[in-house]
Amino acid sequence: MPLPTTRTVAYGDIVLITGKDRRTFIRTVGEGKRFECHLGYINYDDIVGVPYGEQVATQMGHKLFILPPNTDDIVSHLQREGQIIFPKDLGYITLKLGIRPGVRVLEAGTGSGALTLTLALLVGESGHVYTYERRQKMQERAITNIRRLGLLDRVTFHQRDIERGFDERDVNALFLDVREPWDYLPQAREALAGGGFFGAIVPTINQVIELTEALYNGPWYFLEIEELIRRTYKTIPARIRPDDQMIGHTGFLVFARAVAREDRSDPDTAAGDEPDDASDDAS
Amino acid sequence: MPLPTTRTVAYGDIVLITGKDRRTFIRTVGEGKRFECHLGYINYDDIVGVPYGEQVATQMGHKLFILPPNTDDIVSHLQREGQIIFPKDLGYITLKLGIRPGVRVLEAGTGSGALTLTLALLVGESGHVYTYERRQKMQERAITNIRRLGLLDRVTFHQRDIERGFDERDVNALFLDVREPWDYLPQAREALAGGGFFGAIVPTINQVIELTEALYNGPWYFLEIEELIRRTYKTIPARIRPDDQMIGHTGFLVFARAVAREDRSDPDTAAGDEPDDASDDAS
Amino acid sequence: MPLPTTRTVAYGDIVLITGKDRRTFIRTVGEGKRFECHLGYINYDDIVGVPYGEQVATQMGHKLFILPPNTDDIVSHLQREGQIIFPKDLGYITLKLGIRPGVRVLEAGTGSGALTLTLALLVGESGHVYTYERRQKMQERAITNIRRLGLLDRVTFHQRDIERGFDERDVNALFLDVREPWDYLPQAREALAGGGFFGAIVPTINQVIELTEALYNGPWYFLEIEELIRRTYKTIPARIRPDDQMIGHTGFLVFARAVAREDRSDPDTAAGDEPDDASDDAS
Amino acid sequence: MPLPTTRTVAYGDIVLITGKDRRTFIRTVGEGKRFECHLGYINYDDIVGVPYGEQVATQMGHKLFILPPNTDDIVSHLQREGQIIFPKDLGYITLKLGIRPGVRVLEAGTGSGALTLTLALLVGESGHVYTYERRQKMQERAITNIRRLGLLDRVTFHQRDIERGFDERDVNALFLDVREPWDYLPQAREALAGGGFFGAIVPTINQVIELTEALYNGPWYFLEIEELIRRTYKTIPARIRPDDQMIGHTGFLVFARAVAREDRSDPDTAAGDEPDDASDDAS
């Protein structure tokens, strides 16, 4: 896979290149090609075999670090249209959806593919990602992004509206990043295995209410509404302080678990019962 | 692996069992054994083959859901001593450390193993986790937790002080959850591959300052100090509101990248240069 | 007024008494009476004339500080039923409502009187507070609280439903702390002077939406929805850190300005126009 | 006083003028003069007697609202150099310092006068504000700002370093907005009445530590470190959501109470004792 875990740079590696001004570039090391930026150029042939973390100089003499990128770097440099899911949310979403090697996960819409690639990286070769997108342009963008990472064989792209449902059944997890997720809950429930993990992201509180109502009245359990607020700090040791400006909002995250359909009049099983907030384990 | 991705319950599966009062239990489905709680008992033999997401009744007639657990469930029910890293931080840490199948990652201290198991789940069979813990009792607890998940072969446990360094070299990522992480930066740098991902969590702002100073003056790049604040909401559709009480603080996260040692007088490469906050990519 | 601004303790002063365990008591210094708590008692006669900030010993030898209270102390010790508006919100509300000596301000409902007393303190002798409360018990509680502070002559209490409107006209500011504030906007507009300050506090996002819609469609301008989140820190110098637990939510604050009724079809004046976020002043 | 509480516009009133694009202007209504902006001009003589909250048209036909300003408006439009204390903090500071009519309060440095004017508005004619500023230019700016509000007689301006102490004694409250507040604690203690309210604002966590240490070791009680985080929301009723960008940080607020000097070895009275977090009142 192009994302390197080796000690030295090799052809085909996706690398992060950065100089003293902290401008960062994500590139694939191509034989006979060269990297160019405002600080000059570097022949990729000259950096193959160089240990990661060292500096190489452009022809203009500017030193640049060659580093392996993490998921945050990849996502932040994605060629994109419209909003993407932020790294702070991506990590938590994968945790809540139980993503790990071997898992089959479905998402809609694909968008620029930020979540798609995060999922594809984590499900490994034994898992799979199914992703739906209505807009052709957007899908092509996402396919390009996933291809660069060498992850195409882990992802099945569908280009169509999800109104008439999903092709897959018994997926372990399903995530909706669409404008009106409440419209597709029956379809989502049908695609999910029993006990499967459902998640969605919506930007407005009006959407939170609509989605919560729909989940509350369906075969879903363990409703959760939450958001992650990321606070960054200036790193000058003598004057450490939170940054003046911060991202105030990306989206509300809503999670639930797919359960068997049942008689909703049964007071034992209403999804929205106020929880006792009790958790217990004594194995 | 005991964490199920199948449609129906099988012997050996780790399952989440929960009733109408939302009390949750994590258990392993054992042949000839039974689950007991305040609502009665269930013979595991009776639930093998039952689809996940369905309810089964205890001998007292209380219906319980049988669900596959996610990483959040597992971590939240961990047998533990002392503080663990919270799920909101775990997902983000793995993203920032570039964790995915095939990666070799080192951590200290092991603690109750919350991060250990999260890493072990994600590195897959081709990756590996190396973990250090000084206290024997604590390590035994962690080993028990990892064994239950069937992940022992992905983890190497070291029981000793990290003062004299780590055994491993060229690991892709390294995370410190110790009281004075600044004391172990040379050891960390030695174990990490060039360009490797460094992370740490510290609870106090005094520690943030000490750690930042040490990183600032060493072979580290891209210092980041940040924290994730998780806000949860009540889920009654007609009265949605943030919860009255929230976790105000878990820890500050500090990240950096290991780079080659160099002449620190070179103004081009000081780790702590105020960034231009510019990122750019045109591939 | 009983809230002391003098250097030494006098009869009639409202004082804050506190010992080494940080338990705090708000009391009125009464001639011939005594203060009692778990650490013993103090005769008020013995502390008259003592400078504030000094310690006096109970008959059991425990030293207690005698301090003048601030608005936060008073509000936090209020005899109350139900929720009160928190100090973090009280200060900001008074600022946004333009409260200062000489101002006439109206509020509903009175509740336990936390906002009432904050307003009464600030409007001085030349201003006035009008407050409405439907529940007699609640009103009596508030009257007791205001009387203790010697502020009764600055407050007019109405005990009745506000459905049929308010008695006052041309008040400078008006604040609603009621369950369905959107139902009383015409009455509020009628009581307010042109350009007057409107504010409300509501706990749920459903209420935020209803109130915003109603304001958006009425003679109101400069809609603002906001909340203040207060983060407190542990104060041990060597281990400063945010407190583990915090208040996650008290209420959403909604502010607007009363303007002249007008033809809503006039595109120049719709209250909810997306603002350009431009503010400018060159006097 | 120029800040109007009357129903109609009068000469000398300070007014807020705003048009459909939400650009806002703070002006004083001057006889024979006129207001000008990008939307045209208005003769002040034409708006005297007009009720607040109505619209008046510029000669170009653009309608503008004439409104009374609140403290937030005044502060936000202040002619300023450097950072000012934000309205979210101003309201809370006044509450914690026990500011109300009749109070004598001291502050340093004056800066552009945002806190000065907030205090001057609230202490009324019977209270007083004493303010210290080293830089002449800055002080002149603040004097201009206070003069416009007609509050000069409530404020005493000192232009000098505070190293050699303050002229005043027995002030009820004292606030420091200076770079190294820990250097001036003895002077602050000397100026404050016993039991007086101390407050400070500092931007960095390094300063928080230094200030806390100094307070902890001096004649101070009830140390508090806190911050207020303000979250604003978009106000379109159908799409309400937190604003994407927010102010991530202004300053940490530190509060304490001046108490009598004492033997610090007395374990009963150490300022920094971990509080029991108990508060109690049964009057």
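Chains here go by letter, A, B, C and D, matching the order in which they are written, and residues are numbered from 1 within each.
Criterion: a contact is a pair of C-beta atoms (placed from the backbone, for glycine too) under 8 Å apart; a residue touches a chain by one contact, two chains touch by 3 or more.
Quantities reported herein were computed from a predicted structural model and do not represent experimental measurements.
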item	value
Contacts common to chain C and chain D (chain labels)	A, B
Comparison of A-D and A-C by number of C-beta pairs in contact, larger one	A-D
For chain A paired with chain C, centre-to-centre distance based on mean C-alpha positions, whole Å	44
Euclidean distance of C-alpha centroids - chain A vs chain B, Å	18
Chain D residues counted as touching two or more neighbouring chains	205-206, 208-209, 231-232, 240
Contact graph of the chains (line, ring, star, complete, other)	complete
Of chain A, residues touching chain B in the complex	1, 3, 5, 7, 18-27, 37, 51-55, 62-63, 65-72, 76-77, 79, 87-88, 90-98, 100-104, 118, 121-122, 124-125, 148, 170, 172, 193-197, 205, 208-209, 212-213, 216, 221-237, 240, 252, 257-260, 262, 266-269, 272-281, 283
Residue ranges of chain B in contact with chain D within the complex	205-206, 208-209
Residue ranges of chain C touching chain B (in the complex, touch as defined)	203-206, 231-232, 238-250
